[in-house]
């Protein structure tokens, strides 16, 4: 009975910054089945969040989706857009990238919704939590009131309406019913005293509570796909577990699909059915949880796993993999395996960009590494200093102190070459 | 205290954007103009009496205008032409508009720079001491600052000038002294009271910024460390607090130069300057003849706008480059 | 008290009068024609209704709006322009001709007694209906000259400087007492005597102790041909014909006064037909007026001289050669022709033509750089640096004149001169600071400044006494026994012809001793609707009853 | 260490509000009002001090120039000028407290009356200028921030750069020359009718002509005074919006499908305007300074023009009255702004 809810083909997202073109996501393929939890894991700056935002259509200038297709299965949507966008429809699927921004915007909240890493900054500090949840509910209510017109969903609310709403209570965007629903949602995610809490401001909530509220907000629209972008990173370990439990429960109850983005393998291990490992804007290995954890092929996956001492400890953080975080600047990228400069098993073959190989394990197990089909051969290994000054790690030496991985994420923050910070100067 | 990062930031923001380049070119041109005014000027800017044969002022070259003159109780009409001798015409007292434009730049820039220096000299020490020591000293300063803020700068300046009078002081002209120009005034008048007064009404901004910096720097680890080594407050203030507060002070100082140029012009316009060789005064003079001889007040106004724009552009650039914490371009 | 008062009094008159015709201060009071919501909408579209052919209304724009409503608490020309229509003068004064009866029908000098008897006309009534009595007039004169009574009046202290007091003899007769030659006293009360309603003023305004103040029409009560119907402080005053006026009906039913400190603003009002007559037009605005439809410029050489006093107790001005050199350095002719576009006459003595005692034979100093430079050398002050302080916005292009004078002096090889443009207040302080460093204030250190003086009584005494006499005159600007004695002598000469000759001598002496850099007599320039028949007066006063339409 | 600095406001919120954060709104306001009283006392004291050290004998100035020594003595006695300076100071302060600002030396009128009658004109001008600024600046700032690096953004940036760099007296003159004299569109000065009387006329007679007259006359002064603020608010709105748009909650709002209008105006603009509000509160002083100039250029009968008149005549009581009034206005407006800030920003007023 499983069916794909989302198919991403050959997706590339680029940022055109003053320093040059940043290839945040390159030729990415993805397939998410209804009702499953799909995890994407990778270091910071590997393009996880950009992938999520590409799906949500939240990429803003100077970013741009330069190629690819995002096929979304939704019969109602097919009916709605068939007339206007015949080319975008294929059976029960619609190619989101072929639709207008307005239509895509109308899918947010109702078809896709998203929860973010930092709940405290993801709420508007000057509006009550209840108000913000109610807004999300209202989006859904209006959408279902006009199920057949995506246009009406987005265009009915104008600046004029907004200005009127500041004077006339009857013109307010958020209705009383939506407020009530917001309280129900708060209750659903386990917030005590939801009636009172709804009238409080974000800074009056604890981090864990806010993350619950954010989950409630994401659920308001009963979306087909919930994207959780590092949902627990900013939280305490104990709270992390609670939030994951909550997500788990909700998923079990509603059977919704979740795209979970994290750099925490413990989270992946605990939550996911399918996993994609991202590196430098590409998915380098994907498959079922077992494929990736037990039958992994890519040295990068191995590095990630090897750097987690104890998978059972969900709070354990990724230990750094030696070497520099790859630059995603187009002019600094070679057409090769992007991991080769940090790979202990890099060979001459790696100087060509590898395709996705079918790997052993489940049907879905695919790996972007020559090792899938070729054994490592030391005679063809690249010399240690092949990629310039810094010494490449050898197969058994992972300990390289002094390398720090930038923990910040976000599409607006393309990774830069680390700059020397002279002491004594304050940022 | 200019680190590599700051330098590269300066360079980067400068090369990325057109605006700081325009600002720099403008400012350099005005500085050049001001510096070499005696060489570039065609006439002594204070020399009166350049009138046409009919006794009328010259319009700019290529223009003509008609005016009335009285003789023996009869009013007659004369039409006069511009002359290449006075390309931008002459003003109400028959002075060369172009030459005065050049000299006006000197007064604007000098008052801007000296007034800002004065404000820095008062405001920064007061602010640093208040912020560093905190407590009553700080409370006292903040209350004084509140009082100062309740005066519109212009109004306070007017009141102060009312008290101190408007004495110009005369600065020898180095270019003329060096023999590079002939027939030009040996010294130029700088509105002395105005310079002091603009410093007195704007120091409070520097005090506030310096205080804010000192307040946060005093809690820095390296200050604590220095204190634990037994460094005196004085040493800490001079060696740690001051150098580390410089960035915002420099940015503020740049922007204040623009503010003070405008303030000086406003005071001169209202007739409180002490020198007539000021763009602001020239605009006031031109106001009487706005309808018939608009050129008298147009050019100095453009001068003020360009000078202020150039400083503002550079200020914006410095702010963006030195102080990436505050919002601006990029990010 | 006459003697002491009188002298310093003239000092004050001097300063007040300097303001009389000056184009107000740099930034004058606002003019407006606020129409208190009675719906006539006197906007820019229809002006004040004059344009609609309403020939019975006149609007006059002054350069300064009266800031006090007590008719005795000022000595400012613009104020007289308004208040003379409400509180009419007792006499008609004709420049160059003398005084003629008005409210006073007849007057007689009581020889040797320092007294003149005035007989009032019958049937003169105040706007509130009270009859005018001799007691009103006597009380008003006493209130004017007695600083203890009511408000210390500049008109009294200075305009009526030699008048000691007055008393009513009967209902229509009063005696005025004075302490100088009758001719001089006649000039004074002929110009400055007015009548207030004693009972009204005391009952309503405690006028024996305070200035009359307020902002309502009822706060005005005179015998003039117009009464006040609307008053907006600082903006507008509206007068209407007084029905019970004793004399001829004045030419307009309604008269509005407003003010604008900028000549260009006054001209704009004239152009847009918001006003019918405006005073103190600058030469550069003459073109605009001439080019506008339906309005024209009218001008007359005034009694106002512009000059630069040099205090001879301060170096280098203690040298007569140096002072003369300054006069030779300046080209009066050029200043008049360029800065004033011809609206003035070069002058070489303290007073203007038409003034009693004006000396026809004195020519202005001709510019002569060579003579000037050698005189400076003779004085021993070669290479000196001086500063000329000039006001802005008080006289016709005063700052420009000052700057030009300074520059012309600066052209001498052996003198450096800079102009410093200041507020009129600074100049007037300098002018009253006296010649002794410690005598009067601390601004005596401005020894060289530009100022103007309107000899509006038409007599040389008024133009020289305050500047040059020594005894009891701490405000003098020049300390010279010979000149002082010559003036004092003239004050006691009763025979008019003899006195005139002595005054001409005073002017000659002043020319030679060069206490001033003599500049010019300026013209009064008015902008007027061309259908108004009216000739401007030399004494700068505007009388509506002299107009016709 | 992240410290926000805003050099346009020259004062960041942390220095102004840092030490209030721990207080409740009530306490906060009480403290603010006490500070306001202190500030006004400071202004009064400074003005008194300036008058005391200013050259020239007050009695002389009071009497018009050149009064006799006897008269001067008399006035000195009457006015208490022979008292020790501290007695004079306390008398003066006492007068101020009971609302007695003294009498104008020039016109003998009560200073309060002379101040009050000029307030409407200045308020009309300030409000008109503010309306001009807000109506133009906020949309311009929003457009500029949301279309960054596009022609409309460059246009807005250029405009705001010119706006904050142009001296308003010159701008006023150029407007007079171009729109008034050459194009003949607007009158070049004066205020023939006030807003109040104009509305009264409308109410009584139904004729809007006075309102039109008023509009026509206030147009150029309002533009002149408003330009700097338009430019400033455009700048602040743009940079504030850019900053705010980069915040995660914006993405979150978008992600939940909120219409762009709501994201932009209900969320972002609202949060942008809260700090701008305090900046504008501090700029009231600049507004008053600008009003002095603008009223001078356009002969607009407001407080500023009266201040210049008082200054020219060195009419100290009037000068002091006007300056103190301006200070009171400044302080009150800032207290209101602070209260508004606390009200709009839940983080400030909370424990």
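We just call them A, B, C and D in the order they show up, numbering each chain from 1.
Basically, a contact is a pair of C-beta atoms (placed from the backbone, for glycine too) under 8 Å apart; a residue touches a chain by one contact, two chains touch by 3 or more.
Please read these numbers as outputs of a predicted model, since none were measured by experiment.
Of the two chain pairs examined here, A-D and C-D, the one linked by more C-beta pairs in contact is C-D. Farthest chain from subunit B (centres taken as the mean of C-alpha atoms): A.
Rounded to whole angstrom, the centroid-to-centroid distance between subunit A and subunit D, based on C-alpha atoms, equals 50 Å.
Between subunit A and subunit C, the centres computed from C-alpha atoms are 87 Å apart. Centre-to-centre separation between subunit C and subunit D, using Cα means, comes to 39 Å. Measuring from the averaged C-alpha position of subunit A to that of subunit B gives a distance of 53 Å. Contact with two or more other chains is made by residues 1, 55, 246, 296, 308, 311, 314 of subunit D.
Contacts with at least two other chains are made by residues 165, 270, 287, 290-291, 325, 331 of subunit B. Within subunit C, the positions touching two or more other chains are listed as 26-27, 262, 264, 423. Of all the residues in subunit C, the ones that touch subunit B in their complex are 26-27, 262-264, 267, 282-288, 290, 297, 299, 301, 331, 334, 337-339, 341-343, 392-393, 397, 399-400, 403-404, 407-408, 410, 418-423, 426, 523. Considering their complex, residues 1-7, 10-12, 14-15, 35, 38-40, 42-43, 46-47, 50, 53-55, 161-162, 164-167, 169-170, 173-174, 176-177, 181, 239-240, 242-243, 246, 282, 285-289, 292-293, 296-297, 307-308, 311, 314, 319, 323, 326-327, 330-331 of subunit D touch subunit B.
Per the touch definition, subunit D reaches subunit C in the complex via residues 55-57, 60, 63-71, 74-75, 104, 106-109, 113-114, 117-118, 180, 187-194, 197-198, 200-201, 204-205, 207, 209-210, 212-213, 216-217, 296, 299-301, 305-306, 308-309, 311-314. Per the touch definition, subunit C reaches subunit D in the complex via residues 4-5, 8-9, 11-12, 14-16, 25-39, 41-45, 67-68, 70, 73, 75, 147, 151-152, 154, 157-158, 210-211, 213, 215, 233-235, 260-262, 264-265, 268-269, 272, 274, 423-425, 428-429, 431-432, 441-443, 474-475. Put simply, subunit D touches subunit A in their complex at residues 1, 148, 246-249, 251-262, 265-267, 270-271, 274, 344-347, 350.
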